[in-house]
Amino acid sequence: MTDPLDEARDKARRLRADIRSFHERVMPDDLKRKSHLHQVLGKDDYVRWMRLLNDQGWAIGHWPKEHGGQGWSLLERFTFEDELARLGCPWVIPFGVKYVGPVIYAFGSEAQKRRFLPRIATTEDFWAQGYSEPGAGSDLAALRTEAIRGEANEGDHYVVNGQKVWTTYAQWADWLFCLVKTARGEQAQKSISFVLIDMKSPGVTVKPIPTMDGYVHVNEVWLENVRVPAENLVGAEGEGWTYAKYLLKNERTAGALLGMACHALERLKALARENPSASPERTAGRIGELELRLLALEVASYQAVESMMRGTDHGGEASLIKLRGTELYQDIAEAAIDLLGLAGVAWDPAALHAASAPPLGPEDAGGIVKDHFYNRAATIFGGASEIQRNIVAKGVLGL
Amino acid sequence: MTDPLDEARDKARRLRADIRSFHERVMPDDLKRKSHLHQVLGKDDYVRWMRLLNDQGWAIGHWPKEHGGQGWSLLERFTFEDELARLGCPWVIPFGVKYVGPVIYAFGSEAQKRRFLPRIATTEDFWAQGYSEPGAGSDLAALRTEAIRGEANEGDHYVVNGQKVWTTYAQWADWLFCLVKTARGEQAQKSISFVLIDMKSPGVTVKPIPTMDGYVHVNEVWLENVRVPAENLVGAEGEGWTYAKYLLKNERTAGALLGMACHALERLKALARENPSASPERTAGRIGELELRLLALEVASYQAVESMMRGTDHGGEASLIKLRGTELYQDIAEAAIDLLGLAGVAWDPAALHAASAPPLGPEDAGGIVKDHFYNRAATIFGGASEIQRNIVAKGVLGL
Amino acid sequence: MNMDLETAGMLRDSASRYAADNYGFLQRHAVLTDPAGYSAKAWRDYAELGWLALRLPEAHGGLDADPLAVGALMEVVGSRLLMEPILASALIATGLLRSQGSAAQQAAWLPQLADGSVKLAFADAEPAGSSPCQVRAGRISGRKIAVLHGDIADRLIVSAADADHGGERRLFLVDARSDELEALRYRLVDGRGAANLHFAGVPAERLDPEDGTPAQAAVADVLDHATVASCAEALGIVRALVATTCEYLKIRKQFGRAIGTNQALQHRAVDMFLLQEEIAALTRAAQAALLLPVAERARIVSGAKAYVCTAARKVANEAVQMHGGLGITEELDVSHYFRRLMVNAALFGSRDEHFARFLAATTHSTPEGIPA
Amino acid sequence: MNMDLETAGMLRDSASRYAADNYGFLQRHAVLTDPAGYSAKAWRDYAELGWLALRLPEAHGGLDADPLAVGALMEVVGSRLLMEPILASALIATGLLRSQGSAAQQAAWLPQLADGSVKLAFADAEPAGSSPCQVRAGRISGRKIAVLHGDIADRLIVSAADADHGGERRLFLVDARSDELEALRYRLVDGRGAANLHFAGVPAERLDPEDGTPAQAAVADVLDHATVASCAEALGIVRALVATTCEYLKIRKQFGRAIGTNQALQHRAVDMFLLQEEIAALTRAAQAALLLPVAERARIVSGAKAYVCTAARKVANEAVQMHGGLGITEELDVSHYFRRLMVNAALFGSRDEHFARFLAATTHSTPEGIPA
């Protein structure tokens, strides 16, 4: 009996090989080096990276062919990010190509498609996501940012007031896709709309939130009487929640840190070889347990993807992958810090982003420390671990 | 500056030395052997054991001198049980000497004191505790056993109806001290009374609850129209909750498994020496972590006792000692099972209590397995771990 | 290299139905308290249902089932805690006979295994410090311990040094009722039987594989299969424990509401579920790995076993804990699952041994989680 | 062997008051962003408060404080994350000078330590693979790394082989501003400063203990004291984290109610609290153990450090997690406590090293938890 997934598996296998070859032959050395040392990438680096991917047809490989994509299966899509991460490549910035792009081609107007999709594919526009608000992190029903339809004499537009928070790379963004309340007093989920906001609009202020790695990844975005043309409403008013859920469903495997964990574990093993510790057996045992957890994550992740493709998933897979992946990744980072010893603490966060060599330890010590700091957020952002467990308890176990 | 606890510490140190000497010189070899092999003791064994202790003045060492005790400090009391357990001695059955005895001398009538206390000290009466009910384990407010004051023409008595559960060694008991409802509809805590029930009374039925170690430690006790003379009410009607709390406060350190954990860990280390495993480093590391937790438990326990004596305790100490002690003891047992390998599973629970040698492994393999089974209850009985955490969350952290 | 999803699914369904009807908790209780320690009737049923022919070659009327199908059956075995020697006889001993028996030996014994008239057990482990089992002039001497179902086996496959042929380690077939065989029979903590055996010159028939496969390789292969089968059994147990615990959380009331409304217990139930899903994924991956040569499968098979041991234990501990006092009683299935998992963990190599084998086999290259 | 509860209590109270008034989060922020990396004013205050004379002998006008009193101060240092070199100068270097300095050297330096006019740092660790530091003809050559507060120290105590006297390892006093000394100054992840030092023939004054105590023994003794002091600092941090987390759980609302009403978070807060209490108990026991000879204290001192490392990390991770996104920002104290604990864990020997020392010293006999 032929398994209907065989074809997807073959394609994914070929894609994986292509990515390796790309990494070896195409990826520029300076970008590889920065990425290898876990240095912070700037906007220029990321734009360059995204365009490199787009040159391969990969940045929007998961889009349908009619919109210029390759119509990847979920398995190819997962393999793509997994393999890039295993090779230690930079993050594939998702806000344009993965988040807002699909919402626009699925629900946007023809004009929106023409206007935005090409510039998303090429990262000519840098996008950010305006979901979380103070007091409404995991609880979107508590959103308070309001979009009031303007008076007739002011043209067809919304006036948006509110505050978004934890907005990744808003400092670089040209556009913000944003959940706003377009109606009051109604059932929360029926009052939310999905709008596209030009970051150059008057009234948009970005305030950085420095994190403990000494860098700015996230921001507050203040919206004060921001005029948003009505044509920038995606789909219908009050349907924002539906689109956000669609986006989320597309991104069921987004929390997977499998490839990153795999890469970090390889680095950890090299560290252990470089710095034989006072207790090599303990170190070997500790790394071995991480290795075993990685195996479990690996098989669970790929089987989850296949279940989703077969439609036999129970709905808890995304939470499983995220919970286990983030916990594992954090624990690998902790083990690396321990192995680094004094080199793991001898680095001013404010200097972590400089290209200079760290005062102690291997060349990538700073990058390892930086990642350890910022990745404490892995169990917080994108649906905190507590929320993931709530979801499974209610949605899968019926508790 | 002299520490006011110095005297108590000196006394406790002497008591510890006396106990060792007793264990070496006085304790009969057959009882020592049974206890060493973790065999199940019968009622005769326990009665003999309790009388041996009483001969030393220790069974009621914690009672005030006016009632025949030695007026032990909390530190002596804790040291007493700790040291016995470290030496692998049998359990000091608490229901008479520790639980009901103090309630009787504190709140009982003179007649009750004269009648019961001497027979408690010598274990002429074997006592059991009737607290838990089906549906009212940790939640005493849900008690349903009722005691109705009889009509005048039937004499001065209560008629008790209800069911108790998880009653330890009820199958041996002469007497049951029991929480019952003597009033309806009132605030739960004001409707509970503390009565003493003769187990030979008509209407008392004991039904064993076999546990997975193949033995009967606990029972259901059914009370059907049991006549309890009014003189067997302790103190005042409706004050049962107060007495139970008094008892509990006396027993704040009762959940401590420090000495047992210490003894089990010594046995585990010997097992590791006897059976060098496939991975001695892993075994050594695992045992080492248990050893470290034992150190933490040890210092936390003794400091908790001293805080209680100084009156500087925050109220969470008892929970801490119980939580950590039970978790540690269970983990030591699991490690022993793993070290025993096949010998740790080659033993029919129904045969665990026979004196014959086990089919595989060392002579005490059966005892180790039996303890592993029954001690899963350590985190359940006497205030489950979940309840302990609730208590600390509310009582200490104010959550 | 694809496994047959359809056969596995059908087997799972029919086995589940049979076990639900015939092996409920009380029905099993009767088996457990029977001195034989297993149900002869159930054993005949299994033969009729074809379970005992699962691993037989098609040439001998068997199903030649792949690891997925074997796993489907073993999950049901775990979910109802079947007491009969399916694993010991129909999987392990049958596997050894397939690999090590001559054509004539296979023809003689496989049909009797398939119809249930013969129960086989594999005697391998020897007590520390005793001289190794040896066959001389066709008679075997020595000691074996912890032979799973050795208490009720009709015949035994015994590993021993073949002194008649240069001392090579080979497998031998032995009559379990021989006069020269002394057995100490006992029950394991989960109620299944076992035996320690003392052979004092018992007539032994050497298994003679046509293709000359060394006995050691055959044993290693069959033990890998048994290891993965025990993972599937653990999965069946864990699924049962997670389901019964979630059910209990919904039913049991304390302080006036279902205890399952407490978020702390919800989150712990989720953690049990996550472990269940990981056990399922690793078991599935290990089943696929059994189609690979022994050297290439070691990492996943032993990794799975090591992870499953720890994960299943956590689930069992939590199931007992969340059931409160009931969890430790004989009267609830939870404690029986707990004990079966203990035995499972101790069979076919300890957690430490498999972990060491996993590590030794570990080198990272391509993702292995993609089922072949 | 009793420690002085009263002195410790008074010190704790006054230090807490001072730090609350002078070292709040924003006041500390100013110190953190100052290029010097510490507050010269605070340092003068500490001298006035007597903190810098804490370990000085009474003969030199010090308090000769016991480990309990030192711990009381260090708890406050942890609770407010003081940036000044109390540990490096007033405890470690002062301790070394007390033990290894001649009467004349003590008379010369101890008063300057007590009044804060000299900050000392101890340079001990050397980079892997470099030739060991050596003193020849009164001048020191070689490299030292990760010298805590080596960036701002006025003088250094340096360990080196004394080639002028047979190569014995001794301690030397060195001017940190010497021309022959090259320093790479940097900040640690918690904002405290450190330096890597390259000595190219720097004039060095040998410490000459009156009683001939070997330098190695003195260093081991002082490092035990420093280890226990770092446990007390960790305790101060952990108490702050537990308190701030419980507070946040009460204030922060989600889905219409305080997140602290969620039982799962309550239980996790309890687990943080339990760890705090264990850290407190072990720290207290380790303080008492410091009154014992070095050989007898190893088990408890290293056991405490090993346990505290792991326990404090768990608390910090949970504190960050329960604060959500805020937990990882610069703007909340939680992330600062997190980073200080990281540094703490790496100082004075790793968790693994202390665990190994604990195990090596472990033989069970009498309970050691009874404070002397």
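We just call them A, B, C and D in the order they show up, numbering each chain from 1.
We adopt the following convention: a contact is a pair of C-beta atoms (placed from the backbone, for glycine too) under 8 Å apart; a residue touches a chain by one contact, two chains touch by 3 or more.
Nothing here was measured: the structure is a model prediction, and the numbers come from that model.
Each chain's centre was taken as the mean of its CA atoms, and the one lying most distant from chain D is C. For the pairs A-B and B-C, the count of C-beta pairs in contact is higher at B-C. Centroid to centroid, with C-alpha atoms defining each point, chain C and chain D lie 55 Å apart. Taking the mean of the C-alpha atoms as each chain's centre, chain A and chain B sit 54 Å apart.
For the pair chain A and chain D, the distance between mean C-alpha positions equals 39 Å. Shown for chain B are the residues in touch with two or more other chains, namely 282, 386, 389. Residue positions of chain C with contacts to 2 or more other chains are 262-267, 355.
Contact residues of chain C toward chain D in the complex are 262-267.
Residues 125, 145-146, 184, 186-191, 194, 196, 253-255, 262, 264-265, 313, 317, 320-321, 324-325, 327-331, 335-336, 338-339, 342-343, 346-347, 350-353, 355-356 of chain C touch chain B in their complex.
Chain contact summary for the complex, chain C toward chain A: residues 2, 4-6, 246, 249-250, 260-261, 263, 265-267, 269-271, 273-274, 277-278, 280-282, 284-285, 299-300, 303, 306-307, 355, 358-359, 362, 364, 366-371.
The touching residues of chain A, when paired with chain C in their complex, are 1-3, 6, 9, 12-13, 16, 82, 86, 262, 265-266, 284, 288, 291-293, 295-296, 298-304, 306, 316-317, 320, 323-324, 386, 389-390, 392-393, 396-399.
Listed in rising order, the residues of chain B touching chain A in the complex are 281-282, 285.
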